[in-house]
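What follows is a single structure, written as structure tokens, with notes after it.
Just so it is clear, A, B and C label the chains in written order, and each chain counts residues from 1 on its own.
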Amino acid sequence: MTTSTEPYVLNIGPQHPSTHGVFRLRVVMDGEKIKDLDMIVGYLHRSMEKLAEERTFTQNIPFTDRADYLAAMTGNLGLAIAVERLAGVEVPERAEYLRVIFSELQRIASHAMANGTLISDAGAWQTPLLYMFREREKILDLFEMTCGARLTTNYMRIGGVAFDPPLEFWPALQELVDELPDRIDEYHELLVSNEVFLARTRGVGVISPEDAINASLTGPALRGSGIPWDLRKADPYSVYDRMDFDVVVGKSGDVYDRFMVRMSELYQSVKIIKQAISQIPSGAHKTDIPLALRPDEGEIYSRIESPRGEIGFFLVSDGGPSPYRFHLRAPSLINLSLLNELGRDAALSDAIVTLGSLDIVVGEIDR
Amino acid sequence: MSSDTRPATPMSRQIAEHRSLLDRALGLPKFILVVLSVALIGFVICQILIGYLVVSGQLDGKWYDVRDFGNAMVSLTDAINRSQMDSRIVSTLTYLIPALLGATGIVSVVGGWLLIGPWAERRLLAKFQIRQGPNRTGPFGLLQSLADALKLMQKEIIIPRGADRFLYFVPPIAVFIPAILGWAPIPWSPKMSYADLDVGVLFVIAISSLGVLAVFMAGWASNNHYSLLGAMRTIAMMISYEIPISVSLLAVVLLTGSTKLSEIVMWQSEQGVWLIMLIPFAALAFLFASTAEINRTPNDIGEAESEIVAGFYTEYSGMKAGLFMAVELGNAILVGALMSTFFLGGYTFFGLETWIPGYLILATKIGLVYFLFVWIRATLPRFRLDQLMGFAWKFLIPVSIVLMFLTAIESSILVRWDVPSFLSLGLIALVNITAAVGLTFVWMRVLFRDNDLSAPPTPILTRKMGGLQAAKVLRG
Amino acid sequence: MRTPTQLSGISVSEVLGKSVPDIVTAVTDEWIEVASDRVVETLQWLLDSDEFDAAQLSNLTAVDRHTHIEVIYHLQSLDLNHQLVVKTRTHGMDPAVVQSAYPVYKGALLQEREVYDLMGVRFEGHPDLRRLFLWDGFPGHPLRKDFLAMPGRITSGLEGFPFEDKDKPIRPINQENVETGVAYVVTGETDENRPETDLSEDRG
């Protein structure tokens, strides 16, 4: 007599201890293998794009804070750059350097969180996460010192940055930047040769380069598969063309490569911050723009490199103070295009680890 | 300027103002320091006195010899036997009183551990994670376990619809039974073990199988896919890892020539060697397999929090879930006790047990093994289920069996060979260690000949951007 | 506004028009426009061509222009480091149908679902077209201009900002760019592709 099995449906989320946010996966499983994977999002949909049509461009900057809440600085920067390109606003040099410093600090904080949560998903009871949070805490303290908020910073403005950092900021930043490479080495040592971690992540969730490009993947997910594409070097914005840094590319496109790309980008970010500190001039920290900027009629699609990938802003202006159409191209949502293929015929634990390696933020997915 | 010297950010201020434990201890009020130092000096003097009594042999065997509560028990049973009571009452009492007192002792040990265990584990885990554990509820957070227990007790018991009523209520209790029964054969002192069974080792192995039943009932009765999935994973893992445990214990039995736990400890004490030095692979296999039996990281796939919430006890609320979590801790020290008894010499320490009570030595060893468990939990991520199973069936079991055969040969030689023990035991240890290491290497090569065991690749640094063409150029 | 690395629509249309005549319906400096039923052909040609090598679909959005809906594709080439913009428009508001870009770019999978959900544009050839953010049976498509606009107005947008200079013109958003002025009628459409949610299956 043969035993018959039937597939069953398992719901992972929307509340779950894995720290991804309100994200629901509906998994049809046959034993331990996944037969079908379906994601259900929209639990955090706040109709940001519709609300943006009723607000001026500057009033829309806090929306970008809440979209990708783990990388608020880069979200703000993306919108500011988009509006500046559309309206032709010049940004003073000091503001550009400040923007670079804060974007890279945000990148370090975001990658620390992303990698830490990946290892927690693999089951390490948050120890590596808390080690990385030590540095993230210091960075968030720097943010608080400058703009008053740790997470939803609302720091970039159209034409510059909101505030000039206070006097205590620079020694604290210097201290952080001096000790960061040693700390990153510490994390490297702890994790890179940990056999259990390697066993969980090598060869898991492999994305081929052709698939990655075709599925519009960007950021560490794309670079992990071997494609050297980073908007900071390919389509430089702000003063990144004056910075000397490398772009980290993986080899095989598995979870381990994406993890290592993020780890190595930490070193590059520190390098950029050091150069920015040495090159920053004195001057104004923003240009004066009208209260409700009215760009000429037209549209623009402008994008920057956020820690998750290419965050793009599509703005259509009709000459009024508010945008006619505001669209935020969310890297987290688009990086999930391959989730179904990656999850099929994988073990549940592998699917969870793959999801963690794609580094999603649900605020960005749902907007 | 104070702004130059004072650290700028809250985090740096916290780090600068952190005081070490010694600092805080010396900062206590003078009165408390005086009282503590007087107590300490008095304690040391008492120990010296007792030491003198012990050395001059005046204490041995007396009922007030606190090194071994078994002496008191023997005196009590003698007194009952000599009393002029009805023989049936006498026989009942001589059976009942030691049983009750011993059971109270075991339950209080386990219960006491459950009071400070969670606190100890959380603070230790926090130390590994650069943070402080509970430090608010009571001084140093000592009342945390009590607060947790009270919180869990007052929670509403939500029974899922469709849950099998009887099978739902049994597991929290049933899972405690092996955690307490397992303490029965463990010797705490030469005359102090609750039930020194002649088949102690078999009893231990049998008890460890009872836990599986409770997990199964919990997973099934919850009427929930998560629970069922967690239960299936846990059961598969637990029954797979029972075999390495049995084989390791078989090696122990072969060497010591007895299945009685007190005799195993005696053998280690007489030979002056711990079994972990003689059969290290069996000891490590026992340790690793035990973490699987008790569902601790790296083998806690059954309750993988990030994947399936809480596995087989997802649907339990309040104290029922509390019991499951508590039993994990209780099992941990039980495994610590078993490990110490079998491989670390039990209550003996190369002769120190004539001075210091054996149960204190055993408690220290249990603490050390428990520390090891927490250390492993803090550092290692968990294995995937198929990796766990592969490890058990493809590596641990074959290698343990081969080494057990080797141990069988060695033990028969040991009995017949007439040389000083350090020579024979040293030779055995050497042979075992080389065999274990060599076999591990060879077997790993065989098992993983298809896998790429090379070092993980380091990422490439580049400055030329591009798409597929540039990727091809990079790959060379 | 054309960014420096964005190719001029005129040059794109010239090359494209030579190989596939009559496919481009409108051209400006920034973008080219094609018919809504020839989208796959265009995108496939751009992907395969050596000159443009539009390997990646950066962004897929839609804009509600009151009489029709514009769907915009931002393509980019990673090797040649340039971008192009391709637009298409639906024939009306109701029904708004466009060919799906999924056969060419897998990245269009979720972005087209989002456009369907929020704008109501159906993509023919999409394997799994259902709502992404809102639930099955939500009445209407929120990002459309006539969905629950602020009271007293038919469409969204700020006319002026309270503390601006007095000489800034008030943007007459209700007069010049609203051509029909007809309020949106809820048709109560449901997602046919989505399987019935059988709650007895979903346990746990």
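In the analysis below, contacts are C-beta pairs under 8 Å (C-beta built on N, C-alpha and C of every residue); 3 or more make two chains touch, one makes a residue touch a chain.
Note that the structure is predicted; figures quoted are calculated from it, not measured.
Chain contacts in this assembly form a complete graph, since each chain touches every other chain. Relative to the centroid of all protein Cα atoms, the closest per-chain Cα centroid is that of A. A comparison of the B-C and A-C interfaces places the larger number of contacting C-beta pairs at A-C. Centre to centre, using the average C-alpha position, subunit A and subunit B are separated by 42 Å. Inter-chain centre distance (subunit B to subunit C, centres taken as mean C-alpha positions): 62 Å. Inter-chain spacing, taken between the CA centroids of subunit A and subunit C, is 25 Å. Each of the following residues of subunit C touches two or more other chains: 55-56, 78, 81, 203-204. Residue positions of subunit B touching 2 or more other chains, listed in rising order: 225-226, 465-468, 470.
Each of the following residues of subunit A touches two or more other chains: 8-10, 213, 227, 229, 234. Residues of subunit C touching subunit A in their complex: 1, 3, 5, 30, 55-59, 61, 63-64, 72, 74, 78, 81, 83, 85, 105-111, 114, 118, 131-135, 142-143, 147, 150, 156-161, 163-165, 168, 171, 173, 177, 201-204.
Interface of subunit C with subunit B (complex): residues 53, 55-56, 77-79, 81, 203-204.
Subunit A makes touch with subunit C in their complex at residues 8-11, 26, 41-42, 45, 47, 49-50, 53-56, 85-86, 211, 213-217, 227, 229, 234-235, 290-292, 294, 298-303, 310, 312, 314, 316, 318-322, 324-325, 327, 329, 333-334, 336-338, 366. On the side of subunit A, the complex with subunit B involves touching residues 8-10, 12, 16-18, 29, 32, 119-127, 130-131, 134, 137-138, 141-142, 144-145, 167-169, 171-172, 175, 192-194, 196-200, 202, 209-210, 213, 225-230, 233-234, 246-252, 256-257, 260-261, 264, 347-350, 352.
Residue ranges on subunit B touching subunit A, taken from their complex, read 3, 7-12, 125, 128-131, 225-226, 229, 233, 297-298, 300-301, 304-309, 377-387, 455-468, 470-471, 474-475.
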